[in-house]
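A single structure is presented below for examination.
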Amino acid sequence: MLNVTNLSHNFGPYWALKNCSFSLDKGEFLFLTGSSGAGKTTLLRLLYASLPVMRGNVTVAGYNLRALPARKVPDLRRQVSVVFQDFKILPYRTVYQNVAMALEVRGLNQVHIDRRVRAVVRGLGLESRINMLCGELSGGEQQRVAVARSVVVNPKILLADEPTGNLDEELAARMIGIFKQFHMHGTTVVLATHSSDIVRMHPEARQLRLEHGKIVAANWRGAEIFSDGISEVHV
Amino acid sequence: MLNVTNLSHNFGPYWALKNCSFSLDKGEFLFLTGSSGAGKTTLLRLLYASLPVMRGNVTVAGYNLRALPARKVPDLRRQVSVVFQDFKILPYRTVYQNVAMALEVRGLNQVHIDRRVRAVVRGLGLESRINMLCGELSGGEQQRVAVARSVVVNPKILLADEPTGNLDEELAARMIGIFKQFHMHGTTVVLATHSSDIVRMHPEARQLRLEHGKIVAANWRGAEIFSDGISEVHV
Amino acid sequence: MRVFFKLLGQGVRDIALHPWAQLMTLLAVTFITFLAGLMLLGVGNLDNELRVTRGEVAFQIYWKENASPERVKTAWRSLRGMDGVVEVLTYTPKQALKDLSSTLPGGSRGLLQAESSPLPYTAVIKFAHRSGDVASWKKATLAALKGLPDVRSVRSSSLKDEVSRAWQELSSTFMAPVLVFLVLILSMAVGNTMKLSLISRQDEIEILKLVGAKNWYIRTPLLVGGALLGSVGGLLGVAGLYAAWWNLKDTFNFAPLYWELHFLPVDQALMLILIPMLVGCVSSWVAVRN
Amino acid sequence: MRVFFKLLGQGVRDIALHPWAQLMTLLAVTFITFLAGLMLLGVGNLDNELRVTRGEVAFQIYWKENASPERVKTAWRSLRGMDGVVEVLTYTPKQALKDLSSTLPGGSRGLLQAESSPLPYTAVIKFAHRSGDVASWKKATLAALKGLPDVRSVRSSSLKDEVSRAWQELSSTFMAPVLVFLVLILSMAVGNTMKLSLISRQDEIEILKLVGAKNWYIRTPLLVGGALLGSVGGLLGVAGLYAAWWNLKDTFNFAPLYWELHFLPVDQALMLILIPMLVGCVSSWVAVRN
């Protein structure tokens, strides 16, 4: 489902990712941890073709990202849903419109869209906000809209970048619960977070720790820990 | 220093704040908690005149916000520094430029600006990023730039809205440490957060809990707990 | 298909998102169209005027003093039968003298009382403006007129010809580039405003791409918006031009000038609407390409 | 003061932030200025041409047939002394006949051989175009000319007068609004592009306000940017106009027309630079007011 081998990425002289290798099977759940600037967002951006893969190889949902032509990118992104760290929702559209957008670009029919959007919005506790403009929402509410838009399409792979940064423990747990639910139905989930609390509450999930662009710890065999004599401890 | 009496605020029919009253003396440290949508950001926005005070009275640093003419707003904002929940930094400017901006609008001389900016940026662990464009920074790095810009001016009052949402425990603690330092030097700090961990680590500080726009808990005498038979427990 | 119409509708509805920017853009398109149209109108009418009053070719024919009246009259009849003739004025020596004296004050009676008129038989023949190889046609006509029996000399009025020739030279060497240039200005201005108004939609485009929208899905509403802006702007511009023309058209329309301003021909008016529309489409397309 | 100069500099440097948008705006300003200038140029030259060749007032004076030659000659001398006279053409009866016959082909010898000329003493007097109350001046002049001894009648050439009058009517009733209208178009277009280019700086302005910047601090760089854009655009437009004029100016400059196109007067050219500059300033100012 998701295969990363020897992936490196640099911004000018700065190496944001170095020689990362790991693979995930269909329906697995991965927590991606690492302190600020470790390379979590960079890794996720490479996985949904927002950054080009220059070194190493990445295969996502059967697409080889090293050789993906630009016109195939929309196809990839219909398999891979993303919750962005900075939300990327439209402030001048309502909650409903922002969430429905992801279904509309797929050309689904209106009745189906309506049912799915309302179900997901209810699940995230936003039903009273559904017709409000997103620009008028609180930080946590906006974050939940971002999550709603990514899960509404029932993706094969779900990438979530810090999806609980603006939520308190209770809401965060509820959101993780929603991700878990999709995971149960076969979605592969990659969740980047800095919160060790959340990770600790789900010991059964895969975990990967980045430090300065290198994988420094992992709790399953599919990941290659960077063996440069720095740190090789499993979390 | 900061006096709020009977403050209410509505967006259309929706009451985001209801009858809030509390006061803070110079140099106090307040944690503002409450779940997503409780009204934390709304309260802060009222305090720095980003929303007009319609009902109730607010006095901040000697300015009566109920009757503040538009041309006085810049004066208020030179006393009150804010860390915004959505950062509000310029992606096409460097870290240095974004932080220096707050000093430049005050017309300080270049040598002084340079010294202050570099000191604050170093304190937040961003010295290696100082000449990078903010749009190229990671989420946590951007958040730290936002904090740097607000503390660099040595404000009388510091309002921080969820300043640690994108930071791991270690960086969060370091940042609270920086706020504490300013607090020691006489700055009044109001810090909105959803993280009960952080609040628990600072039991000596003032605490105020909002729920649906009402003050439902506080740990000092200066705050009036909403007495509508709902909840009156001190945290 | 259903999706396509939805996208069309969205393109129209999206105008409401930034009404101020859209209105400003619309006004810019309108004004530029109006300006371009005004220039076309001015050039077209001047051109027209020159063709009608100046472009026509007039010849003055003078017969010998001893020409036989019968031969002259026959020649006059044949003149009227020539191809492209607009008007033939003929003067017997008496009539010529009378006409001449009538231009003098009080009808210089002395002149009229002269026993025999000192003037020859005269005719003025005017041909309509013709395109094509005017020079050689003129040469041939001149020869034909000179060949009429007893004709002493034939003249054509030179100033009018010169102006007409200069204007045609100007038209052919400068009007084409000037028109192309105007279209370029239009494209530039419309494209500019479109591009700038698209800046405010960059976020939306970015997000649509990130949630898996295909290119045509993103571009259709933008194209519709651009085309709508261009065509409505063009339409308003032409309407404004029509109003302006309506107010101005009789300014020069008095005796003895009778110069009535004409509106643009239909094809030019249509172009003034179609070109901004096309430019709107194209510039929207270009704006989202990168 | 130091801060002020820093802000000026920032206004200039900020152009580099969105070079594409700024370039497009600059081009739009350039082209609109060019268009406006082209219209001014056209109008100005036509106006000029009408004033020079048509606006002048000509009177034809005919003396009685029995007028005494001495009196006529005295009158001629006094004509030349009149105020605003451009040209006086005088004809004795003999000269008039010769002149007349010379317009006929082959110099109709019969006419010249007439014992005494049937034509009267004649004079044509041309006055330069004059502004002010032309009608009453003309009436007075007409009366004065008619009052000369032995004068039978005085005429003034009507077509030229009519055209001249119509053009002046057009100028006074339509040119002012048209010019105001052009300035409006200019303001609109420049303001529009300025406003749109400012959209991309809204974030910056919002943040500056939030960190306590005073209004002048925010506006000065924007004003400088707007003024720069407007004035450079205007300058380029006028330069382009000059280039176009240079290429076109001799198009009508041939014998016997000698109509040389003139460039805009300095004050109009300056206006074409100053107005976009002002508009750029004002629209920047307005854009950040809300």
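Residue numbering begins at 1 within each chain, and the chains themselves are lettered A, B, C and D in the order written.
To be clear about the criterion, a residue touches a chain if its C-beta (ideal position, glycine included) is under 8 Å from a C-beta of that chain, and two chains touch if they have at least 3 such contacts.
Note that the structure is a prediction, hence the values are computed from the model and not measured.
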{"item": "For subunit A and subunit C, chains touching each", "value": "none"}
{"item": "Count of contact steps on the shortest path from subunit A to subunit B", "value": "1"}
{"item": "Chain whose Cα centroid lies at the greatest distance from that of subunit D", "value": "A"}
{"item": "Subunit C and subunit D, separation of their C-alpha mean positions in angstrom", "value": "23"}
{"item": "Chain centre separation in whole Å, for subunit C relative to subunit B (CA means)", "value": "68"}
{"item": "Approximate Å spacing (C-alpha centroids) for the pair subunit B, subunit D", "value": "64"}
{"item": "Of subunit D, residues touching subunit B in the complex", "value": "3, 17, 203-204, 206-215, 217"}
{"item": "Contact footprint of subunit D on subunit B as seen in their complex", "value": "48, 50, 71, 73-78, 81-82, 84, 88-90, 92, 101-102, 105-107, 149, 153"}
{"item": "Parts of subunit B lying in touch with subunit A, wherever the complex brings them together", "value": "11, 35-37, 40-42, 85-86, 136-141, 143-144, 161-162, 165-171, 194-197"}
